[in-house]
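These are the structures, in structure tokens.
One chain, subunit A, appears in both complexes that follow, with subunit B as partner in the first and subunit C in the second.
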Partner chain A sequence: MIRRLGKRLLWAITTLAGTSVIVFTIVHVVPADPVAAYAGPQADAETRERIRRELGLDDPAWQQYLRFVSHAVRGDFGRSYVTQQRVVDAIRSRFPTTLALSLGGLVVWLIIGIPVGVFTARRRDSLADRLALVLAMVSVSLPTFWLGRLLQFELAYRDGLLPVAGLFSWKHIILPSITLGAVGVGYYARLVHSNMVEVLNLDYIRTARAKGLPEHTVLLKHGLRNALIPVLTILGMDIAALLGGVVFTESVFALPGLGALALQAVINLDIPMIMGTVMFAAVLVVGANLLVDLLYGWVDPRIRPT
Partner chain B sequence: MPVVSVRDLAVSISRGGGRFRAVDGVAFAVDAGRTLALVGESGCGKTMTALAMLRLVPPVARIEGGEVILRDRDLLRLSEREMQDVRGGDLGIIFQEPLTALNPVYTVGEQVAEGLRRHLGLRPREAWSRAVEQLQEVGIPNAARRAHEYPHQLSGGMRQRAMIAAAVACRPALLLADEPTTALDVSVQAHILDLLRRLQAERDMALLLITHDLGVVAEMADEVAVMYAGHIVERAPAPALFGRPAHPYTRGLLATVPRLTAEARPPRLPSIGGAVPDLAHLPDACGFLARCPEAGEACRQSIPLAEIEPGHWARCVCATEGAE
Partner chain C sequence: MRRLLPVAILAVICAGCGEPTGPPTRRAPGRANVLRVAEPMDPSSLDPAIAYDTVSWAYVRLLYAGLLDYDDGVNLVPAIAERLPDISPDGRTYTYTLRAGIRFSNGREVTAEDFVYAIERVLDPHTKSPGEGFYRSIVGARDFQAAREQEREEAGADGSRERRIEPTRVRGLSAPTSRTLRIQLEAPDLAFLNVCALPFAFAVPREAVEQYGDDFFCHPVGAGPYALSAWERGKRLRLDRNPRYNLAAPPPLSGIDVMIGGDSLVHQMMFERGELDANEDLPAPDFVRITTDPRWQPYLVTAPLNRTVYLPMNCEMEPFTDVRVRRAMNYAVDKTRLLRTINDRGVPATGVLPRQMPGFNAQLQGYAYDPDRAKRMLAEAGYPDGLKLPFWVRSDVGFELRVAQALQQDLAEVGVQLELKPVSFATLIEVMGKRKAAVFGIFGWSQDYPDPSNFLDVLLNGNRITDTMCNNAAFYSNPEVNALLEAANRETDRARRLQLYQEAEQRIVDDAPWVFLYHPTTYALRQPWVKGFALHPVWPVRYDKISFEGLGKEGAR
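Moving on, here comes the complex of A and B:
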């Protein structure tokens, strides 16, 4: 167990290091001047030069990178070029929103996706199954920004059921969660469906029935737990996709989250903020994968070390 | 009074738009404490017969008719809810491949205990300790500890013992054993057969043993029913069947059993020529017609199962003629 965890952690660190190199390279090769963001549009050439020196932007790239790493490992990502706020503080204040939205999206994926998958697997090729398949296709193909705007207009603006945008109560997170979750829900419904169909044909399901267990026990206890094993793997990988969707959703619904923060940072070429938000997202993805890995051992005893 | 009597059981399977009979007119009975072996090659309908008795035939199959009387109740007439009480209660089953028949994500203790909770209404703690006792009874050493293990942690023989424990935990009146030793090492086979015999004797349980292994049949069976192409073609007490096989198919089967000989070059093992007929296009004749060395004109009609001597039945024109 310890060895496995060690190996996993090593991988996690490698992933983070790789991410930092790639992002650092990208922000430094884009043909735009980060000083412009810092100094503002009216600054003269002399001021800009001074700022460039102060920020260390005229040092060789490798020196800048090492400086970034040595600060980053101590949890210091510097200050925003634009707002002068500490990057860490900005992330800390934005993270709860993003967390709430991500969990909301995840809940929509799973709370709707899993039951639909189980139900349609049980009633395979029925009308309900066909209908679910079509809806799943539609859901997977929906662009987030389009669905977000649609829901905003129909449910919030016109019917006034839910707030249009911003974040002032838990109700504000509902529409964004639905928007974010809608893309994944069809995918997970189909994934659970196909895994369930496969599992329900296996011998141990017949054994469970032969024991006289009621059908819901057969399906949920003996079927679903096995069908969820591959789903968990995919879920670990999809955390990244979820965070990608967060960026769009937050900007559509004007939520003060990490996605909006990162997006603004990119537009301004606010290097410390870009590095900070991207690295934080990378840590989230890597962490989620580690968590999934541990859950995996819990769900499937066969890969549990003896 | 037999524990179970099956009459005129018929199961059809749909394939390529058509339906054919995979089990047709099957009838037998098993008394308490006795063993009936259902013998035949792959696809002859033996497993389908067992699944039909449990009413767990796969979706492509359908039970067309007949009766399965278990302790005065016709299982085919029960509601699904009532049938669930029978499965794992009065009627237990052991499947061929214990690795796939046990759920990989639950401990063997749990897989025994859940049946006890379901049928005897035991509380979790009681059910667990009864499950441990049951595992011990089927010969799993250190049962209290091993009950916490998962199927993949057990050897093939231990897995099959766990499977048996789950099947007999609620003391069924009838145990169906579908090729219980086929997937096991030869050395383990004998132990599992011993175990089945011991449990049967202790509990006065009726056993329907499904197998293609005539060695197992000789070892275990009181009575034998030979199945071919969905029909029982011969049924007799084991000594009579082995001593005076009446149906050419039974004789063919017996001839294919390898024997130890002192000869330097043992004779070539005989085999039954041809293959099992396609059940979808079975002519209205003896099912064995195309492969039978003794076939004649009289075989081109449907042949009934006839008693050729007391308790010895065969579905063959020649056998009946010989008896007359």
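Moving on, here comes the complex of A and C:
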């Protein structure tokens, strides 16, 4: 178990190091001047040169990278060129919003996706199943920013049922969560559906039924638990997709989250903030995958490490 | 079944029942007597030495005060200074007398030494102030900077910042008494009056800067009408009246709540639901609806910006080394049609200077739309079959892309094929400011202060050309124009000075290093209960003059 965990951790560290090299290279080969992000477009050449020296941007790239790594391992990603804020402080203050939004989206995925999947698997080829299939297709095809704008316009602006934007109460997180969740609902409903259909045809389900177990026990205890194993794997990988979707949702609803922070950083070529947010997201994704690996073993005893 | 789906979707879409119609009649709940506005992003900094964008300046000037300010137009008026400075006969020494008893929000009286400290701080390379260039003309400024850079080299980037190497002060800055500030310049420069009114020169208390260190940008202490109460990044900024403010009458509103985030569409939705008291950026999709609706007319506020949008043609690169090609480009563009693509939010430019700028020349003819003449001139220049040019444009600003597409059509009519190169703003600045890198593109320049030198000298003086990061994106250099600009910069007679700038501008228009496109106009909306809301030609908007009226009990919520 420890050996397996060690291997996984080593792989995670390699992934993070690789990510840092790739992102650092990209932001440094972009044909744009990061000093412009700091000094604004109207500062003269002499001022920009002076600021470049102060920021250490005139040093060779390898030296800048080593400086970045030596600070990053101590949890210091520097200060934003644009907002002057410490990158770590910015991430710390914005992560709760992104987490709340992601959890909201996740809840929408699972709360709607799993029951719909189980229900439609039980009633295969019924009218409800077909309707669910069509709605699932629609849901998967919806662009987040479009759905967000639509919900915002209809439910907040026209009807005044919920706030338009910002984050000043729990009500402000409802529309963004629905927006973020809607895209994944259809996918998870179909995933659970197909897994359930497969599982329900297996011998042990027939045995369970033959033993006279109540149908809900057969479905939920024997069927769903096994059907969820592949879902968990996909879910781990989808954390990345969720964080990606967060960028648009946060921007549409003016939420002070990591997505909006990263988007602004990229637009402004704010190197410390880009490095900080990307590395943080990378840690999240790698961590989520590690966790799913462990959970996988718990859910499916056959692959539990010995 | 399949027929039901569109019906269901339509039912959801058409469910709206409380759609706002016209200006709101009631204010959505919020803090009483507090203005609610929104900004798309945080101010970059609330440190006057660092802030260098319009969003930041709008708030920095509420938190701090300087020697001079502007009236409702572009005229300088005294602020902490008792009167405009006494300028020595050689035009090089400015002596300010400060008003007595003006206090910072921490309670301490503002002295002349605070201004010396503020300007030295801007000049100190360690501060990394983007505005240091404005103050390099002070006697001894460069020596002071060289000494600080030498210290940095000796101590390393993370080393001590103690000033050890002489000169430790800027020789041309002094405070002979607590209320007298003397500034000596290397050469006479009347624009320095405007430079004294820039936020970079606002008074800052040394003790607060030293207390907060690198975090001073979010712990502002100034002598302005408001003080910072809270700043949650990406979420909200909250200012409350500075109880120690005594520079003028206290502002009518007790505070300002700024929601951070969201684009102009979101702000407009919130505004129409009464959640904001003003919206300073009318979104393009709502523009026609709002501006043609008579119910909104009384609450629409509009003002020309001191900004010029132009197309620099690189005079060091083919085909723009030939003035006939540059003039042909000017004749080929139908500015009136082009402005229609952006809802006529601007006025056509005939030259470099915007209309509210001192020295604006109303007699300047510019180039009228004449495609036939453009074709003839291109043929004379050796391009009878037209030519193909790359055209650099910012990709993240929708209206600039629309303008570029309109230009594409206009120029195609005279045989010039534009190949659009949409890039991020950071890339555009890099490419356009690099020698012989970009031949043609779209750029804009907003004033730092209302003086013609801030356009003509900064953007078109050939003596200022650098190989990279060059503000003269056309790389235009005409020795006669350069000489005129240098003479105007040194001229101490105001009328003669403006005349020299006008002569230079006329030559520049004749040489056509740019396609002189347009000066944008800005549109904002205020709620019926908001009084005193006006857009300002220098500061984007002055919140300190706004009051609420006619809200009754509702206003007290």
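Everything that follows uses one rule, which is that the second predicted complex is superposed on the first by the 306 of 306 C-alpha atoms of A that agree within 3 Å, B and C clash if a C-alpha of one lies under 4 Å from a C-alpha of the other, contacts with A are read in each partner's own complex, and residues count from 1 in each chain.
Please note the rule applied: contacts are C-beta pairs under 8 Å (C-beta built on N, C-alpha and C of every residue); 3 or more make two chains touch, one makes a residue touch a chain.
The structure presented is a predicted model; accordingly, all values stated were derived computationally and were not measured.
Visitor: After the match on subunit A, would you call subunit B and subunit C a fit or a clash?
Guide: fit
Visitor: Taking the superposition as given, does A:Ala208 touch the first partner, subunit B, the second, subunit C, both, or neither?
Guide: first
Visitor: On the A-aligned overlay, A:Leu255 touches which partner chain: subunit B = first, subunit C = second, or both, or neither?
Guide: In the superposition, A:Leu255 contacts subunit C only.
Visitor: Would you mind checking which one, subunit B or subunit C, touches more residues on subunit A?
Guide: It is C that touches the greater number of subunit A residues.
Visitor: Would you check which partner chain A:Asp159 touches, where first means subunit B only, second means subunit C only, and both and neither mean what they say?
Guide: So A:Asp159 only meets subunit C here.
Visitor: Just subunit B (first), just subunit C (second), both, or neither: which does A:Lys171 touch?
Guide: Touch status of A:Lys171: no partner.
Visitor: So, A:Arg225: does it touch subunit B (first), subunit C (second), both, or neither?
Guide: So A:Arg225 only meets subunit B here.
Visitor: Smallest separation in Å between any Cα of subunit B and any Cα of subunit C in the superposed model?
Guide: The answer for the closest subunit B-subunit C C-alpha pair is 25 Å.
Visitor: Show me the subunit A residues, by the header's touch rule, that subunit B contacts in one structure and subunit C contacts in the other.
Guide: Of subunit A, no residue contacts subunit B in one complex and subunit C in the other.
Visitor: Give every residue of subunit A touching subunit B within the complex, in rising order.
Guide: Interface residues on the subunit A side: 202-204, 206-214, 217, 222, 225-226, 229, 299-302, 306.
Visitor: Using the touch definition up top, name the residues of subunit C that touch subunit A in the complex.
Guide: 1-2, 5, 12-13, 15-20, 41-42, 44-45, 47, 50, 52-53, 125-126, 128, 130-133, 136, 145, 149, 152, 157, 214, 217-218, 232-236, 259-263, 265-266, 269-270, 272-273, 275, 396, 423-427, 429-431, 433, 445-446, 448, 458, 464, 466, 468-471
Visitor: Which of the residues in subunit B end up touching subunit A in this complex?
Guide: Those residues of subunit B that touch subunit A are 54, 56, 84-89, 92-93, 95, 97, 100-106, 114-115, 118-119, 150, 152-153, 163, 166-167.
Visitor: Which residues of subunit A touch subunit C in their complex?
Guide: Those in contact with subunit C are residues 30-51, 53-56, 79, 82-85, 90, 93-94, 127, 130-131, 134-135, 138, 149-150, 152-154, 156-160, 163-168, 251-257, 260-261, 264, 267-269.
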